[in-house]
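Below, each structure is written out as structure tokens.
Two complexes follow with subunit A in common, the first pairing it with subunit B and the second with subunit C.
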Partner chain A sequence: MPKIIEIKGFTFHYAGSPRPALTDVNLSIDDGEIAIIAGPSGCGKSTLLRSINGLIPHMYSGTYIGEVYINNLKVSEHTISEIAKHVGYVFQNPENQIFMFSVERDIAFGLENLGLPREEIKKRVDWAIDLLGIREIMHRAPHEISDGQKQRVAIAGVLAMKPKILILDEPTSLLDPLSALDLITTVKHLHDTLKLTVIVVEHRLDLLVSIADRLIVMEDGKIISNNEPREVLKDDRLLTVGVGVPSIVRLRHLLKDACIFKHLPLTPSEFVEQINVAQR
Partner chain B sequence: MYWVANAFIFRRGDSPIHILDPRIKLLISIELFALSLISSTLIHIGISLAAIFTIAALAKILKRVYRTLMFSAGFSVLIFVINFLVGYSIITSFVLAVRFVAIVGSTSLFFLTTSPDELEYVLRWFKVPQDVVFAFVTAVRFVPVLMLDAIQIMDAQKSRGLELEKGNFINRIRKLAPILIPLVVTAVIRSSELAEAMEARAYGAVKKPTSLYTLTLKKRDKLVGIASIMLFTTLLLYFLNLTG
Partner chain C sequence: MIEFNSVTYIHPAGVKALDDITVKFGQGELVAIVGANGAGKTTLVKHMNGLLKPTKGTVKVFGYDTTQQTVASLSRRVGVVFQNSDHQLFSDTVEHEVEFGLRNFGFSHEVVKQRVDWALRFFGLNEYATTSPMMLSGGEKKRLCLAAVLAWDPDVLVLDEPTVGQDLLNKEKLEQIIRLLLTQGKTVILVSHDIEFLWPMQPRTIVMSRGKIIADKPASKVFTDDSLLAEARLIKPQLVELAQRLNVGDGEVFDNIYTAKKWILDRFRCA
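Entry: the complex of A and B
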């Protein structure tokens, strides 16, 4: 499997900060994976994401050791706008990444910045609008649409640039449970249809573990766990780290001695299924 | 200050004026502005106001223009009194006072019928540098956002016992500090997030970014533009003849 993200011995120290935000991080992610990054606030998740899309080291001053490669490009040797063609970054607050007065114009923003010809911009904006199902709001202003819709507009604006990697920083934190579920379903759909590599930072794992290929847990600027979600969640020490371990996994850990479970259930339906199997 | 904002807040419309090219709307607005400025008799100012109201009626924004003018009438009373006290005749003072109303009216016509979007295109058309245009766009774009922030902060401070409506003038101003300081802080945080997001969407990647839409003059725009210039020139000559 080709590695689309390759981080080698990366340490980053923000200028003026007493300790490094990332310490000797090694990580490689395969093309087409869905990876979750979890960990308590201040564990270095955002710093890791910033070093993937080039905001680090190009926009944030600080010192670093090691290298980050995206699609075999050395991030430190390419501008953020070049990296932007490979990495789409959806920030936590959709409000602060919608710039223009209408949805349609905002989706065109990145393409205009790249200096693409008008016909190409039109084609891609149209494509992204249909992809995210936001055609009926395409002429609305940002203050006329809901948070869930803003999130979709932000994703459309990023995907219009046709990146291979989609990064979502706590995409559900401002959404109600139903919109959150809706968004995760959309992300899964985008991943499947566009063959994207998706990296999601999320505290609450309930919604995501069942669709993810990899769960990365961080603490104090280090990766403490990096494997398939089921393997990572087997470790009950995670319960104390400050990661939103799914309730069903917590329940399994509480049922220590009940050995009816062949493997760790990640969702309520898996849980029920295994109980049914055991009863038979 | 609310009325000032209200006079210049755009609402979507589909009147014959709204659908004009923004450059033509700007042209008409400037023409009316100039006519108002050189009006020196009751007849002149009457013609100018009639023109402003006609266009407002066509744009179906008569009520909003009227409201704006009523608010600016407060200032014009002041202008009247000062001019009269300085020694001008009642009629001259009156013309000067009404002239102010007409000037405000002509300017607000443009802003009431032009979306910020169109304004942005006009700025680009005038070859205003990209960074300046973008600063303008984000400033206007974030007005409603910051207004919501301000309301939230006010609610939070009020619920902690801040009484905004009490006290004399000086005290009330002093009480704005607990509102303004958090508001500025949130605005700064927003702008730093905005900067990150701009970078991530390749802002500044090429010297001359392209644009999804550009302004093109349609037939009706050309017609209206030429007609307005002809009318304007006629009136201008008429106004200057009488004064000169």
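Entry: the complex of A and C
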């Protein structure tokens, strides 16, 4: 598998901060994976994302040791705008991202900045609008649409740049539960159809673990766990780290002395299936 | 303590955000307000400390009509922590942010010092006392807003989306604070999409949709009602889905993982 993200021996220390934000991080992510990054506040998640999209070292100064490669480009040697063609970044609050007077114009904005020809811009905007299912709101102003729709507009704007990697920073935290579930279904669909690599930072894992290939857990600037979600969540010490372990998984840990489950259940239906097997 | 009587609120732009709301919040209650984005939850909350006044109907807070009171005097008793911390924070340092309300309400110098110290420690913000609030992370800003309001000890605490950006440890801390406040007879009102956070506390649950209250009943009744959940764009907590899949039986729910564990151990003989 080719590595789309390769981080080697990476330490970053913000100028003026008492301690490094990341210490000796090694991480490789395969092309086409869905990876979740979890961990308590201040564990270094945001710093890691900034190192992937080039804000570090180009916007934040500090001590930079080691190497970060995105799609075989050394991030420290390429400009943010060059990196942006490979990495699409969707902020937690879409209001920080969408600002034009219509949805359509907003999606076109990034493409205009890339200096693409008019026809190509029109084509890509159209494509992104259909991809996210937002044609009916394309002429509306951002303040006239719901939060779930804003999140879709922000994703459309980023995907119109045709990145290989999509990064979502707590994408569901402002959405009502059903909109959150819809968004996760959409992300999975985009991943499948566009063969994207998706990285999601999230505190709550209940809706996401079942679509993810990898769960990366961070603490104090280090990666403390990095594997298939089921493997990572097997370790009940994660609870003390502050990761939002789904209640089903916590229940399974409570029962560990009483029942032997073949696999770790991630959802209520898997739990019922497993406990029926365990009983036989 | 807080009484809405046939309250309708029409935004200056003409949108009807609250549509004939009648509801009461009593002392010592834990109430969750849930529903889709744009259902009117935040507008409802803004009427509780007088930030918004009804277009029609009345809101009474501790017997006083909110149209006759200042936001400051209402806030002394009803502390509201809003969803967007950036709209709430304005001081030059974290410490001053917490001091601001206390000084305005006329607490003595000693009490101010003591309360600031307690609040910052409790929320793990003491190392940032002299930092600008704008330097904090999203989760830290949220905790600072909470610290600032709790410091002046209001009778009613209203939290709008308090778990956004908070990790598990901070959510657990928040749940502890809520339970502590309830034992002191305070009223806590939570606006939240975070169903998994709300469920173990089993709050009285008010469901809003398009400016109306479409249900007001215990969490165990709301989150087992499929058509209500769909209408309000909610999903089931994992433990409710589990109980249903295990055919636990009418009306019985697992309110937390420990009751689920007990039920399972009573019935299943595992390998």
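To be clear about the criterion, the second predicted complex is superposed on the first by the 276 of 280 C-alpha atoms of A that agree within 3 Å, B and C clash if a C-alpha of one lies under 4 Å from a C-alpha of the other, contacts with A are read in each partner's own complex, and residues count from 1 in each chain.
The rule is simple: a residue touches a chain if its C-beta (ideal position, glycine included) is under 8 Å from a C-beta of that chain, and two chains touch if they have at least 3 such contacts.
Note that the structure is a prediction, hence the values are computed from the model and not measured.
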Touching A:V272 in the superposition: subunit B (first), subunit C (second), both, neither?
-> second
Applying the touch criterion given at the start, work out whether A:V243 contacts subunit B, subunit C, both or neither, answering first, second, both or neither.
-> second
Between subunit B (first) and subunit C (second), which does A:S81 come into contact with in this model arrangement: first, second, both, or neither?
-> first
Figure out whether A:L175 sits in contact with subunit B (first) or subunit C (second), or with both, or with neither.
-> second
Between subunit B (first) and subunit C (second), which does A:G16 come into contact with in this model arrangement: first, second, both, or neither?
-> neither
Check whether A:P2 is in contact with subunit B, with subunit C, with both or with neither, and answer first, second, both or neither.
-> neither
Go through the superposed model and pick first if A:M59 touches only subunit B, second if only subunit C, both, or neither.
-> first
Residue set of subunit C touching subunit A in the complex reads 35-38, 137-140, 161, 164-171, 193-196, 230, 233-235, 237-239, 241-242, 245-246, 257-258, 260-261, 264-265, 268-271
Within the complex, subunit A is touched by subunit B residues 115-117, 120, 134, 137-138, 140-141, 144-145, 190, 193-206, 208-214
Report the residues of subunit A in contact with subunit C in the complex, numbered from low to high.
-> 39-42, 46, 92, 146-148, 170, 173-181, 203-204, 206, 239, 242-248, 250-251, 254-255, 258-260, 267-269, 271-272, 275, 278-280
Touching residues (chain side subunit A, partner subunit B) in the complex | 50, 53, 55, 58-59, 79-82, 84-85, 87-89, 91, 93, 95-102, 104-105, 108-118, 121-122, 125, 142-143, 157-158, 161
